[in-house]
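Here come two complexes built around subunit A, the first alongside subunit B, the second alongside subunit C.
Moving on, here comes the complex of A and B:
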């Protein structure tokens, strides 16, 4: 759906930022540009200012640890941009290490980045440098860990209040059976 | 992102003109407040009755959707998508199926596209009716609410006749829909249409000239175009501010490219504009259903593709290939297995762009299912939206956001 007249984003960004574009992934008919994390903010500013990508449609994370064939840093932050003028979409990705994942915040560029980045921090533990209020969004403050990472067990529970001990009905029934009818008050 | 009033209105000063400073009042609004829809908490700082600082807390309906579905098979995710949006579950259902089909490279039969279009628009009608009706009720217009619930009931009854359920419909399948529309569908739709149009007219008469309603809606909760783009808002909320964008028209999916409809926009960006846009969208949805039903071709409703569709029972019992195919689709570790890859696919939900980012590693379970909920972006702008408004105006403003906790918190 992109107009043919405008050159591909890959070329435009490479021409301006040199090696900032590490790769281009073709995903479901669309191109996702993998950027060097340190170059993200500059590239987004250019996309927003010069190329008119004025809407941040989505910002979210993904964890590729153990993904077949994946090489390099496993944590991914994905950005979907949209331009109201040209109706084009852009898809950017940065890959970050699990330990000390850190990338520049886009809060200065897009208002909704604030909540999206808080959610990504919440779920993946990505530290967004320059975020004014980086705290958990969906989970509670006392929560430990980042649940959408692949190393977080799916069955793990972290109740705020300790769970009550469930009644062991099997044991109760066994104890009942071992008692004589008189003792158990059996009528 | 201004969360304090001095950032939104430079020159604002707390306190009274005569120099007496008023101590600000802090109010916790929600999460168990009837107008907060049960799932949002707002910590408000008030100067008199004016909101000077707001902190919106979400997450009270977080159900670990995205983590849970990573342990489910691709088909088992479908019922979870119903629960994402509890007023228009069909759109989420179909949106997810469309994304998986893109991942698989499956092309559904043409009739399915039309059925999905019809069912999505029925849901959208219900969604908008609920939003406007509940919003009007919160302002005291109970009659409007009851009329719209009557109309919604008609559309939900039709949905129930098709899917067998009102909310937990699970009607979409990868590669089609569960079953065809009942034979009486067109006839029943004519009745639903008459109900919806009648109630639309009645409510428009009740509200459009109502002094109280106009005063509470016009000029209240203004989100101008530049700010709404800044927050990445889409859907009726952004169209009311002048962002002329609708996924159905701009990136057509299903049968939306083959029907004619208008995308209503306004420029004021206030409650009233959002009300008008939603009212008009209901009329457009009725138009779409009419056209889609008229143009709907005959044919199968599931794709004949052994990778996604169960073979017919008669075949399963009579030949070995179909029996093997049946088990290959149902046994643990088999099932639908999209090739390794990723896709981002968007549909127009009741509130705006509903996106699914799916990652497959080639196994029978999704590696990652990301939902881009339409009301998330809108909710992130609510803090700014209610700054400088009266405490009582939060109710209609928040009502016009049409927050759906199910997809907001996932």
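Moving on, here comes the complex of A and C:
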């Protein structure tokens, strides 16, 4: 359970950074603060320094393209912060455009952000400005594109060595679409 | 021919049969373990199921000393060149076993990362179904592989 003695983060951040907090999203009883990407680093510094959020629990990407009810920039980076002193949690989000997605790196504030950000770059192509070593973490360097983006063909493979007998799933999917026009629009 | 003295002291067979018999009982395997199937592989080769009693599972951790490549688990596209290289380093004669559905067909992975079955770049002698396979299935496959080795052609020079 989360103690609720201190004022809501929303108010604290709004009071200090003004319009940096664009919105608040509620999910599962928790509130995510949507920040202006350019204000993220300042807000995180404040959270870490003044408010004692000393742990970056998680940092991950998401692509909301085509997500029901979502408007605005589709690419999302989501941050989970935790304070070991007050046991409070903070959930921050920034939304970025697909082209030129760029947000400040948190590596200077949290060392563990290094690999999280590399993974997010690998999978979603988010450019973390100021990251000391922003290259692919999981996939190979020859890989083109960012596979967890919605515009990456879901079954597209990029083998490093010749593959025989491999099923061309894209061709199968094309054939299936051409057979039944009803399914053509479905993802 | 009761009078033939040779029949009492000489066994006749074919060279292929002798070599097959020798090879099937001295399989040195290289376990290429990448995923959760490895747990089942360990229990299969450890004392409970003990594949060594079939002469079929002496693990060697150098491909140059092995003649049976056990591919145990999911193979990603990033890893495929490594596995290919391991296979290339093994001396003839050599056999390949695809252990579990991921090595067999990619299993439930059908995406940017996984190879849809190692037979896309390796010749596979035996496929073991299951996610993961029961040790009995593995032993069954090993026995079938031994039978195949026994009956196959063994070229000598």
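Convention: the second predicted complex is superposed on the first by the 163 of 187 C-alpha atoms of A that agree within 3 Å, B and C clash if a C-alpha of one lies under 4 Å from a C-alpha of the other, contacts with A are read in each partner's own complex, and residues count from 1 in each chain.
Definition applied: a residue touches a chain if its C-beta (ideal position, glycine included) is under 8 Å from a C-beta of that chain, and two chains touch if they have at least 3 such contacts.
Every value quoted in this text rests on a predicted model; they were computed, and no experiment measured them.
Student: Clash or fit: how do subunit B and subunit C relate after the overlay on subunit A?
Tutor: With subunit A as the common anchor, subunit B and subunit C both fit in the superposed model.
Student: Which partner, subunit B or subunit C, is in contact with more residues of subunit A?
Tutor: It is B that touches the greater number of subunit A residues.
Student: For A:54, select first, second, both or neither according to whether it touches subunit B, subunit C, the two together, or no partner.
Tutor: first
Student: Considering only touches as defined above, state whether A:139 meets subunit B (first), subunit C (second), both or neither.
Tutor: Both subunit B and subunit C are touched by A:139.
Student: Is A:147 touching anything from subunit B or subunit C once the two structures are fitted on A? First, second, both or neither.
Tutor: Both: A:147 reaches subunit B and subunit C.
Student: So, does A:100 touch the first partner subunit B, the second partner subunit C, both, or neither?
Tutor: In the superposition, A:100 touches no partner, neither subunit B nor subunit C.
Student: Looking at the overlay, what does A:28 touch: subunit B (first), subunit C (second), both, or neither?
Tutor: It touches subunit B, and subunit C stays clear.
Student: For A:158 in the superposed arrangement: first (subunit B), second (subunit C), both or neither?
Tutor: Second partner only, subunit C.
Student: For the combined overlay, can you note the least CA distance between subunit B and subunit C, rounded to whole Å?
Tutor: Minimum over all C-alpha pairs of subunit B and subunit C: 5 Å.
Student: Let me check the overlay on chain A: which residues of subunit A are in contact with subunit B and also with subunit C?
Tutor: 138-140, 147, 152, 154
Student: Contact residues on subunit C for subunit A in the complex?
Tutor: Residues 77-78, 80-81, 84, 110-113, 115-117, 119-121.
Student: Enumerate the contact residues on subunit A facing subunit B in the complex.
Tutor: 1, 25, 27-30, 32, 54-58, 60, 62-63, 67-69, 78, 80, 84, 87, 91, 107, 110-112, 114-116, 123, 132, 136-140, 147-148, 152, 154
Student: Would you pull the subunit B residues touching subunit A in the complex into a rising list?
Tutor: Spelled out, the residues of subunit B in touch with subunit A are 1, 58-59, 62, 64, 66-68, 70-71, 102-103, 227, 229-234, 243, 245, 250-251, 340-345, 353, 355, 357, 359, 361-362, 367-368, 370, 372, 376-377, 379-381, 384, 409-410.
Student: In their complex, what parts of subunit A are in touch with subunit C?
Tutor: On the subunit A side, the touching residues are 138-140, 143, 147, 152, 154-167, 169.
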